[in-house]
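Chains here go by letter, A, B, C, D, E and F, matching the order in which they are written, and residues are numbered from 1 within each.
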């Protein structure tokens, strides 16, 4: 899988896609076994899967976003939500100018809460122009379809889900030892105040040991199916 | 209850509060029986309740915020999340200059997703300086403590919870007829794309008929208790 | 009087107002007897009065603005004029989207000088789309009509005019003792440099002792009349 | 007089000024006899006069600002007040970095209302760091000292005062015919809504015919004296 | 030469220019013999020359811009490139509103690299609406046409070219001694990191001694010719 | 080569790098044989090469930037230079907070002119904190060292240099046919006005046929050497 699309201008011209996909990742600690870029890999993997089935224009990923809750670990980089919003607004201007009026933000980082506001405000101005994918429901269904052992609360960060996707698309990005890095911290009442460091010393919250490539493939497959409904919503008149 | 605090400068000088509360409401449709300002009333009611127990500096509410999903109904006003963030940043500057280093955003509108990013980024720069209250857990506990019949998914907008709080603190703000305005719409998979209008014609999603003043008081009482832990988090060294 | 409108979406839909009123208050010291929110009460009182006579859409107030000259007193909160301008711009976008092309900013705080620039620049882009009310002339006429003993220079802050309006619409917001809080400071040559603190220790400049509810009612009545001309200016073709 | 200072870096190094002067002009119609740049000439003339007496660092002028009320006439250029504020903020950063902590904005255009907010907010953060000159009082005194026939309300734009200053410092900038361009329009109740065009077809409101070089010199001399008090306010401890 | 145009609104109305010229100067050290405002003088001289031949609307200059590489010398003032961009955007809005759809930025300061991005992005939105003049090629040709002894690398700052233009249009702005201020510093590999101070103590890099009024006139004449092609590019359909 | 670093937080913690590298690419047409992401690949390849030799913290790339001159071709996405600057400012804040005070912007796209202003202004505030790499000199030397047949003017876009680097690090990104895509267009006087489309129909300007993997490796090796001097400049006291 290419983390950044290798499409040429000729590809886009020939394909005439109606909708663009913008992977939004992050650059934040994912424990000592998963890369800082994990969320970008996840978002790119999803976009890649969609592009194999739907006629979409895959944009290169936004590689840094709002990771302030991980600031306690070296290497984490955060952008202001206002800055990331500005990037998305500029992307929309370029897309619109070339006749592509639909955008799906492919989110690999759950901590970018503001993206829901970005999407809602875009749709208030230009109806049915933007979606945020996967939704919370899409993720839940993917976990079910792939028979994950954990839910999205327990397996919050660098756990079963992310390891599974990495195993499926970028196994080389995973360092040995993740199998013994499980960490449980279901009560995280003051995450916004204290950040992740109050609930995990390793940076992991979840069950990386349960991750497998098969689950990863099944997750991605489930998401490919779920996206169909987003597409229908955006493109039906 | 005063929707806007009537404190004087002398009150603040005498009280020497360590923490300020900033109610963040909205101005968005709440069906034909609840005011556009419902979320501001809710946020103010919570702040009012807290001020009766804790030594806090209640700020006047932000009265408009991100309500783009309600744009289909007359009267709804939305600000960009970037604008609301700028307001909050300016408030922090003023508070800091007068020696008040802690801020609790009292949120009456669940649709301001970006507030989580505002809080996390503030705490990344100045640890333990800001919280968002009530958290999702605080709301859940309040519903339980007050024995509401609905949960927060089913009773999403202009329903049991909001009617209860209005009944408790501003019954005059409630128009006759809310008792027969219940509307169920549990599946709202494309809310971000379509807005509320795809799931309700009245603007209500929830069970306003179940609202009572007693429940409202119990909700507010529960939240007063829950806030204690936020305060402890912000002020312990 | 409600400091924040309790209108519902149905009210706005039924009324089909052509023009919106945006009260702009402040949160700044008004001495030890008047609330920090005095200017918001004043702006809301004016809007309320206008709404009783004209078919207008009363927006909720902006509750904090540019109060830097009062920063020496606890509780004062200031926003940058750039932030308040952004709020107003967003409000205009929402109004325009619902077919309301006229906005009257109802100003309760004379220190928001920049509002004149906001209005002029809006009208340069969209002619006759915005006004600032009351104008200096409107205030002068209101003082005359209500037979105030003071003029706007002498009675600058927390004095006869503001006490009169509070007496008329929110007497409970006024603390005992205002009658003996008169303070004269007619020469204030370096207010911009030094702020209010150089000219008053109590925070008052003016004659609160002269305030009465009758005067307050007369002031509001005079302003209702004056607004007619603004409306004519904005709506005539 | 040079409209833009010809000082060299060596001059500033040798002089070691404590305070900088930033002329803020505009580029807006001044009738058919006065240049669009009149306000910039006025601000520069004042700065020039001050520099002859006080040890100040004269900055080059801001040559365009908020002239939206003159948009009806060809050639008028307006900046947003937010943009002009950004320019001033950047200037303050550069001055501070070289150890110059005081700034006097020398205003040649009365329509830049927001400058009062810029100054007050700067002083709230860094006390006694900025002033706005001339104040309304300074202008009134200058008119009196120079025995002008008009006051600042009657002689609002392209009139006796501006012609006098041009006669004094840049007589070549004045076109023949100004002597017969007097225009009286004392009632301008809706200037903010309608702009200047509702009150004058020539662009003049005032009495240019009364302008003389002697008056111009006297005005500038009076302002030089008045500035002393601003300087004292900014520099006394 | 007037550093700021003395045109009146009537001039612009009568001339009906299709294109505006915006001189962008700077306020940065130019050694002890040339004014801080040198780049503004240069830009204004070029605009003046063009206005004598073409039907253009000369705007007043932007007098400060990006001079961070000169921050080591007293008197240098820098604006952020984002601020200068905002000024230009506002100017375009005003021009467009009065039917002038073309803008040539007349650049007197080579260090404003971002202007190329400003121009390209403007043309991406509105084709053929903006140019940056002189281009590097235009400057090279001007040096050749005027038979300068130096090229643009060697004669980078306060040297032969700038002295020549000052001699031609503002000889009084030049202080005695420039003839012996030549300074050679052809290798400046880390100018972006270290600024000018690493390569010159006087602030000069180039050969001021070679400057003459004749060369200055020839440079300006050459540029007048070169501008014709820009005009053709912008205005041909 | 990984286009996005796969480092973990533990890597950064252990390495304790003093300086971060931020690859800045673009997403713009590079003809029908090279990917839209070519500049991001180039920037990443350089960063990768540097990381093999120096103790640096490689950040993930900025994948879109200022490509307005390529807007005529499908797929090109442009951000405003103000947005990209905001991203870089946020990155600096995160780096500074974790004690990394030096940043090298690794530029893969020559059209981001404003980056020079970003770097100079950063260094004006915090001396020796930022560099832009490769400089024009560094590129020239790399071409010489690698014995390219073309210079940087002739081989401007999608030519010998870019093909060589792709051949060296990502040969699979190159489509068949590039060998016959050479296009010569040395005179491009109005590139800023007209964009690339006026000078090439294919999108290529340069000699892709001359590209080889060996040259690519030699270019990258030369740049590794050149970076040493940047590092010395930033880190010497």
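Criterion: contacts are C-beta pairs under 8 Å (C-beta built on N, C-alpha and C of every residue); 3 or more make two chains touch, one makes a residue touch a chain.
Note that this is a predicted model, so its numbers are computed, not measured.
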| item | value |
| --- | --- |
| Comparison of A-B and D-E by number of C-beta pairs in contact, larger one | D-E |
| Copies chain C and chain D - rotation angle from C-alpha fit, nearest 5 degrees | 180 |
| Distance from the mean Cα position of chain E to that of chain C, given in whole angstrom | 47 |
| Centre-to-centre distance between chain F and chain C (centres being mean Cα positions), rounded to whole Å | 55 |
| Chain F, residues touching no fewer than two other chains | 71, 78, 80, 82, 97, 124 |
| Touch list for chain B against partner chain C, complex | 2-13, 25, 27, 29-37, 40-41, 57, 59-64, 71, 73-80, 82-83, 86-87, 90-91, 93-95, 97-98, 170, 172-173, 175, 203 |
| Complex contacts: residues of chain D adjacent to chain C | 66, 68-69, 71, 78, 80-82, 85, 111-121, 123-124, 128, 130-132, 135, 137, 189-190, 192-195, 229-230, 233-234 |
